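Some structures to go through are shown next.
Look at the two complexes coming up: chain A is in both, with chain B in one and chain C in the other.
Take a look at the complex of A and B:
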């Protein structure tokens, strides 16, 4: 019901900007007049004119629409978190509310702003505990994952050994299956055989290893672009393979390592299904599992859920901002040989 | 700084290099590089010169044969243990380190005291004019500066052998001349055995005490630049040395002279040679007919193209079948299509066997070093 209302309200909005803007035609007429006066000089639209024209184009309308689709749910989460309530509705609609009232109910703005949800999540709920669990698991995953994938990727990039091609291919193939397929085997191996249920180590191992294929491919692609002569030169100067790896390759591969590390961290930080299966004890929950706890069959504390979600996103956002400068060079690296 | 007792000659004994099942890249090389010598390996791309150099460095394994550096058999010695330093075409500097750290890296890896490293690096930087750049990173340097850092990195280690793998190829022409001078000067100063790979015969001629010419992995000839220029062993060497290269044209040996569509050389000393021969003559041995000695045979051919170099010009001649290049004084005005009469120094010709491309030494050119 809410969705149809939402779409209806939106239809009006997208229809309008394109109709309301005849600046294209206006601009052309202007050009024609000035052009007639000064035929030889081509007319360039002014800066403001260009911006106006861009705003009124169908492309802009499309982008605006797409942008709203992405941002709208986020706005809801933010409003819920700051509303101080637990209900999904922000506005009480009276019986037989008119169109405008219904439309107003769609705007994600709480009736009053409050930090109660955040306060409650941080103090009354074991949220800090979960956050700590997540942090330990995600950081350990990143360290273990990077350690394994850097060394593996270096070997794949630089050494020739039997099974090299096949190993790389197997890594790729493992990525073609949905992760859920591995759920039961992983449970059997990690919980029943290794007895690592309810432990950080179990989760870290699983996360680090499932992220390995992607990380290895990513890093190998980058290592391949580093000129081999640099290593040969170091080899001639008497450096051991490990010194070369540690003192030359790793510092040079920083962008790729940053991106890969970020990927590992986020995979572990956001993962829900495995964590919910491996972790039975409430004090061992990671944040995504804990958040689910707020809105289960027995509870519907949407306010806590929203506040918790925002708190969870903060570290990732900070990491992204910190590593931003590496992201562009890192992600495109390996694509084109420099 | 000369190495005292350590004799660092390099000796290839039937050294072969092959990859998997393909034909050998180097099919069996015998070459002796003397202690302190500047040896240039030169040849067209794919001739195995870089592979040969990399075998000395230990970056390529030796498939069979023996490779000696000084009195050590180094076939199975890792690169680090060979005491050689190499300068690469693309500099191969460590981009994340400063110039100082780049030059100090090898010494630090070998755990030298930091005070010694500092003095060595600073001394090398002084020699190479890098003293002001020690704090910079390679990305902030020009190509020539990068190559000097690479040189510095090699000399601070005071190795037994310097290896150069086309070190000037990435530089522009002017810088190349300058760096060539630098490398020559360094070699005179340090007198370390050096092996230098290039495909540029001008570099080879100007730098090398001796030059080894390789073609498809085979050693074609070894000698001083002038030996190779004046006394080539085969068609390949004759055609490789000199710019423009020696003219080599097929001729008929009629017993009384050599003849083809362009030339007619009366000779009586060619009995016993094959009927088909290859005749070689340097472009500078073709002179304007006017003023040439009367007994020099004349040849007439149409001008196909003229390359004017200022003091001289390179005239491409041809009659549809044979083509030759003459190096003439740049005074005359020539236009393509015009017929030109030239005289040929009959004592400056080389003869080669058509089959095996080897020089026929029964006929020696007499006036070798005298241009017209």
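Take a look at the complex of A and C:
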């Protein structure tokens, strides 16, 4: 606990709020700037030298190795998508070939490259329409989920009140009950009682609530690391709780909000069972529902599915690219704020 | 224009659900458009539902009076739906005899259950023999000839096989069972898996696999298609669904499955019949039936065949010149003569998975056909008896015991008095902490509505004996008490068999619990450890950092349904790249799905691969809250990297790491997809975790209440874990 407090005293330069609340945080912001200046003092090696040094480090080796393991199964998906076929060629090890040739045979590459699978996915179904639906649902889920969880997490982190521990536990319990059995009761509530069948609102509510426990716990954990001192001085200066929450805590918590936002988005983005059960109108399907049309009991068009999966992952990657500046520290983050 | 609009406004709307896409869907939509244009009483609106959620959508909507007027689905669920009630309606009162004459006898019998006709057959799918004409000129006349031919084309070393099909799937094995006897049920519809005929059929398969060696290991439909497309399988047994995926360069032909000389009967494949079914809730039943008649008429059947590529149940369509000259369609038409509809009894659903497990075990030599089938028969009889017991109970509805009502009343009274007494204190608490409660209120309300109500429902369900057969009877008549829990927790049959045959009973709750705990612990440890390592490596500037960061989150971004299946393919014992890489490096290949440990490993690798990105993002976010200055101070004091990590990074990461760990334990404990898709619990369900077991009990054995009780046990276990974990981390904090 003591250590956390101690860290808190220093912790302000993260996503520096100095621009938003100058009077509370000036001193700490100064610290941050000084700290940043200190770090950049050591003599800069040349660009090439730095790259070489990076490449020879254990960190780079680790990342490279992890990257290879991550990319290999994805390569299968990519080459299936671009093969224009529905099933990939089986790997056949060349007879009597050398070690490297045999190893090279394991790299999945389509026999010929073709965009047929992508073309089929985009034209056979209203794919762009469904992608748009998915975006609407997932972004709304993110907004609703973040709205609900930020306020709740703030209260759990900053107030002492009866039922605090139990409340936190309640959020956790909701994740423990297997989702397969929630299907029918959710249908009863959302479609029969609330009459939200065939609407995006019903889906958004369910997704946001599903993502809520993680968001609350994650944000609460992060809020706990933020310094109390700023809030105390702000309270002394007469700021309301809400102003503090909105103007100080939220900007400071940007990294955690980015993580939870991404999580809420993903919760909604890939879900397909509820989406296809709640919707009674094909123009309201989301894109994972559309993708599942390619998989059935007997025959499955894996080529289409792979192409669709790649298309579906693009918005996620874009979102991550947009959010990642909140997730990285070091020189660049400081520089952006400057 | 105006008139048209008015007309369509006046028309009644009929809702039709189907699971088609591509050409089939196109053909159906043309038919429906024509129908809508041809008359102005009804307008048909179609909704396509993907296969993966179709059954769930039907069973969520139909019993609650929602859903379509009519729908197209495979016939093998008729028994289950009819027994559950409120799901499909018989059409005997509408049907005209001349309409019935459109269909052959076996397809119509598929639509009958307990004497009632539940739908009109729409199309049929059965397997047949598909052969590569470059390798085989004339199809074999007998099964014995087929195997001899296959032996000539088999070269296991080079991955060439004379015959390939998904022989461990009961749907395919049906052809062999039907060649010896009446299939899994006897003529009185009693389960007879251990009949001589069925034992002989399994023995025949074992001979084909182990003695003749003409079939590939671990078959699945993708592998079969691949082998055929590369000319590495001379003959395959598959259905019309495969034709679209055959490489255009392969010259193939289709023939009915040959006769089995040993039994004197032909190999008779099972046929799946897609039917048109009527919802009991439809307000326009006559109109819906009219649409059924239209869709099965000869012209419609011809269009579904020519434009949609279906094999229509109205056999008159096969006389159309365009179809009569199509050798492939006619071969399947010929196969229909000997094909047998899949039994539509509700018990059939219980049989698929266990029979598949048994077949897998037997063809690997891990069990003897007779003994394995006898054991399967015993197990399934027990499951079926449990199902039947729930039906017989609702004949004599029991009351919820009076003391239970009393108890409930007492609880309510106690709660009310407590509330009244502490009214002032509660009001005071609310006043004091109003801000805090207001901040939490919206989230709590949402949770109460959408999470705790379903939870309560599950809890109630777990005290009943709800199964498919009594699902829609009043709750009181299903009340059972604690029996389900006693059944689960008191299951001490840890062993199976006697003496040398003695083995661990993988169906046992405690074994599954052990696997689940190992699964969760190893996954979370590995995922968190590796993610932490990667996040630390990424936290400081390095060449290509932005690229690595995006690369490393990719497994999270791509739908895990396909990546899990890619991993499963990579672990294939013969054609998977992992074993091939092992061979290149001079190691022996591993039979990944044969032993408990190896199969566990496949799931572990896949799941860690899938969960690292998320963990890494969480940790990257958490690392943000650690001020750089602390590290500088530590460095000035001369602290090494390890010390910095232990004294600064870990403790300051904890507020973020602890919730992430707790939640990922909860999620991994309930990780359904990976287990289900990758190892499928192989071997023999030994690697099932509690949640996949609950799913199997609920949806493959129809024992909903037992599955609910399983889920409640899961909840209780996780709750204890979470309590313990938070308590430990709190005491650790206090000690600091």
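The criterion applied here is as follows: the second predicted complex is superposed on the first by the 220 of 338 C-alpha atoms of A that agree within 3 Å, B and C clash if a C-alpha of one lies under 4 Å from a C-alpha of the other, contacts with A are read in each partner's own complex, and residues count from 1 in each chain.
Here, a residue touches a chain if its C-beta (ideal position, glycine included) is under 8 Å from a C-beta of that chain, and two chains touch if they have at least 3 such contacts.
Model, not experiment: these values are computed from the prediction.
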Subject >> Touching partner for A:110 - first (chain B), second (chain C), both, neither >> reply: neither
Original post:
Touch check for A:317: first (chain B), second (chain C), both, or neither?
Top reply: second
**OP:** In the three-chain superposition, say which chain, chain B or chain C, touches more residues of chain A.
**Re:** C
**OP:** With the two complexes superposed on chain A, say which partner A:238 touches: chain B (first), chain C (second), both, or neither.
**Re:** first
Original post:
Is A:49 in contact with chain B, with chain C, with both, or with neither (first, second, both, neither)?
Top reply: neither
**OP:** Name the contact category of A:227: first (chain B only), second (chain C only), both, or neither.
**Re:** first
Original post:
Counting only touches as set out at the top, which of chain B and chain C does A:176 meet: first, second, both, neither?
Top reply: second
**OP:** Please indicate which partner A:167 is in contact with in the superposed arrangement: first for chain B, second for chain C, both, or neither.
**Re:** second
Original post:
How about chain A: which of its residues touch chain B in the complex?
Top reply: 227, 229-230, 232-239, 243, 248, 251-252
Subject >> chain B to chain A touching residues, read off their complex >> reply: 57-59, 78-80, 82, 84-86, 88-90, 92-96, 105-106, 109-110, 153, 157
